[in-house]
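Across the two complexes that follow, subunit A remains constant while its partner is subunit B and subsequently subunit C.
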Partner chain A sequence: MAFAPLVAQISGADQISFGEAISAGFAYGLAAIGPGIGIGYLVGQSVQAMARQPEAAGMVRTTMFLGIAFTEALALIGFVVFVLLKFA
Partner chain B sequence: MSATTPAHLAPPAPAMVTRLDGPAVEQQVASDMLRRALPVAPVVIALCAIPWGLAGAASSAYAVVIVLANFALAAALLSWSARISLGLLMGAALFGYLIRLGLMAVAVIAVHNMSWFMAWPLGLTLIATHLGLLVWELKFVSASLAFPGLKPRPEARPAPLARPARKD
Partner chain C sequence: MHLLALDFPGIDHIVKFKPIFGDGTLYEFNKVTLICVLAAVATLVMFLLAGSKGALVPTGVQNIVESAVEFVREGIVLQTMGPSGLGWMPYLTTLFFFIFFCNIFEIIPIFQIPATARMAIPLFLALLSWVIFIVVGIINQGPLGYFKSSLFPPGVPTALYILVTPIEFISTFLVRPFSLAVRLFANMLAGHILLVTFSVLSAALLVKGPLVVVMPLPAVMLVFLTGFEVLVAVLQAYIFTILTAVYIGGAMHPEH
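Right, the complex of A and B next:
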């Protein structure tokens, strides 16, 4: 493990705060991956739909905007976990 | 495309040069959400003030501002990029997501040492406001060919044709 020598140098309460910082970073980073893939797929399909049917672009853009916002809520949950782990 | 080729078989327009000049529907939806959030925000802040006091209310208010700014920034970025090209729209959506996540983290980290900062009311308000506003907004979105953004307001709808008076 890459962190093992680093953790061995830290003792007591510092180890707990080290663990909290690492967990918070992972929570935020991992939580952003899924929505990133989701938004990429969503926007890609929307762009394809708009390129094929420009007359429906307004409709597609509205749906896309709401879809992005809903997908982003997942990342927001990860962000809140990060905030709670780090600052609560 | 020949006149006989069905639309679904026609090759798509080139994404890098195709631009969308229609109404900025994202901004319509986002500004409507902002308008609806204004009367609800004091209620959410007051709810957070009950268990956490003034600090909780301040943190909750900060979270509401973050959520509204996030929606406004997303809408502005998408509307601006759609007027240039579809390719830029794709890039703006993806990199905008990363940028907005980063800005949110910076906004919270910048104030975490303040005396009024509380993580729980901030976090709960972030999620509740974001999802609540979105779900509420679904009720007012039309997303049809006639009205691509919001549903028309009742006064904007055409009045029904009046029947001619009967002459008996």
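Right, the complex of A and C next:
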């Protein structure tokens, strides 16, 4: 849309690499938003839980890392899409 | 690829290496394979050295290994599988140390690439964990019992099974091995690319004299990121191990 005048100036094969570069940036940028919010919220709540009940800190920490691993996966898939679009 | 008159190496340049021997055959041996072999040997030698003495008061390597084994026992197995999972200690400890050594080669000079930044190692380890947790589930609950408890979770209204069963199938049998492999692979590849980027920046600024004023910025970032990558190497080994433990534990004790 906003790129339409730009794309019109580029010819042939360059249009594809232009599209790839733009969408690679969007793929990772958009994929990072959700997990960013998610991990922030998750760790914040875990810190609160640990502060309120320090004797449960070990259990909370294990569960926190598990939660981070699952949340982070989405951002990492976005990163893989970025690498595939940009380099493959 | 050119950016701001800098030559950033392409992705092929930073993760592909010339074969040392066996060019073109199935047994092609390159730097990444060498790192895998070294990681396996390092794990083996470390445990053999620690176990050979069996001293009552541990010293040196034995000290490190004993605290690491205790960490896997207290922090991973007992937290996620309970006392009945202690039989999986050897597998999980080996897995943790093999992944950790594969990762830590990212910051060791000369090598400078984690073996896990190529998909082969994470994929193989993830498929191994996948096969193990399915086999453990089938052995503990019987083939029908296992698939019934994992595909038809109890406590769900019957009509909802149309929705729940496909989701459970995809998340348990397809997404689990995929996300396990991609998580380790993408984390290590991203770390490797970050280090390469800041190394290229530092080197370019070092060569171009007048720009040396801003030189400290990428160089400081490089030092900081190297420390950060040590943290990531430990954390990813820990996460891979704990997720494997959770999956095996879930297959051993079905939800009620």
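Remarks
In this text, the second predicted complex is superposed on the first by the 86 of 88 C-alpha atoms of A that agree within 3 Å, B and C clash if a C-alpha of one lies under 4 Å from a C-alpha of the other, contacts with A are read in each partner's own complex, and residues count from 1 in each chain.
Throughout what follows, a residue touches a chain if its C-beta (ideal position, glycine included) is under 8 Å from a C-beta of that chain, and two chains touch if they have at least 3 such contacts.
Predicted model only: the values in this text are computed from it and were never measured.
Legend: residue contacts after superposition of the two complexes on their common chain; A:19 is shown touching neither subunit B nor subunit C. When the two complexes are overlaid on their common chain A, residue A:48 makes contact with subunit B while staying clear of subunit C.
When both complexes are overlaid on chain A, the residue A:58 reaches subunit B and subunit C alike. Once the two complexes are overlaid on the shared chain, A:67 sits clear of subunit B and of subunit C alike. Residue overlap on subunit A between its contacts with subunit B in one complex and with subunit C in the other: 58-59, 62, 65-66, 68-70, 72-73, 76-77, 79-80, 83, 86-87. On the side of subunit B, the complex with subunit A involves touching residues 7-8, 10, 12-15, 18, 20, 22-23, 25-26, 29-30, 70-71, 74-75, 78, 82, 86-87, 89-90, 93-94, 97-98, 100-101, 104-105, 108, 112, 117, 119-120, 122-124, 126-127, 130-131, 134, 137-138, 141-145, 148-149. Listing the residues of subunit A that touch subunit B in their complex gives 28, 32, 35-36, 39-40, 43-44, 47-48, 50-59, 61-66, 68-70, 72-73, 75-77, 79-80, 82-84, 86-88. Every residue of subunit C that touches subunit A in the complex is listed here, in rising order: 10-12, 75, 79-80, 179, 182-183, 185-187, 189-190, 235, 238-239, 242-243, 246. Across the complex, subunit C is touched by residues 58-59, 62, 65-66, 68-70, 72-73, 76-77, 79-80, 83, 86-87 of subunit A.
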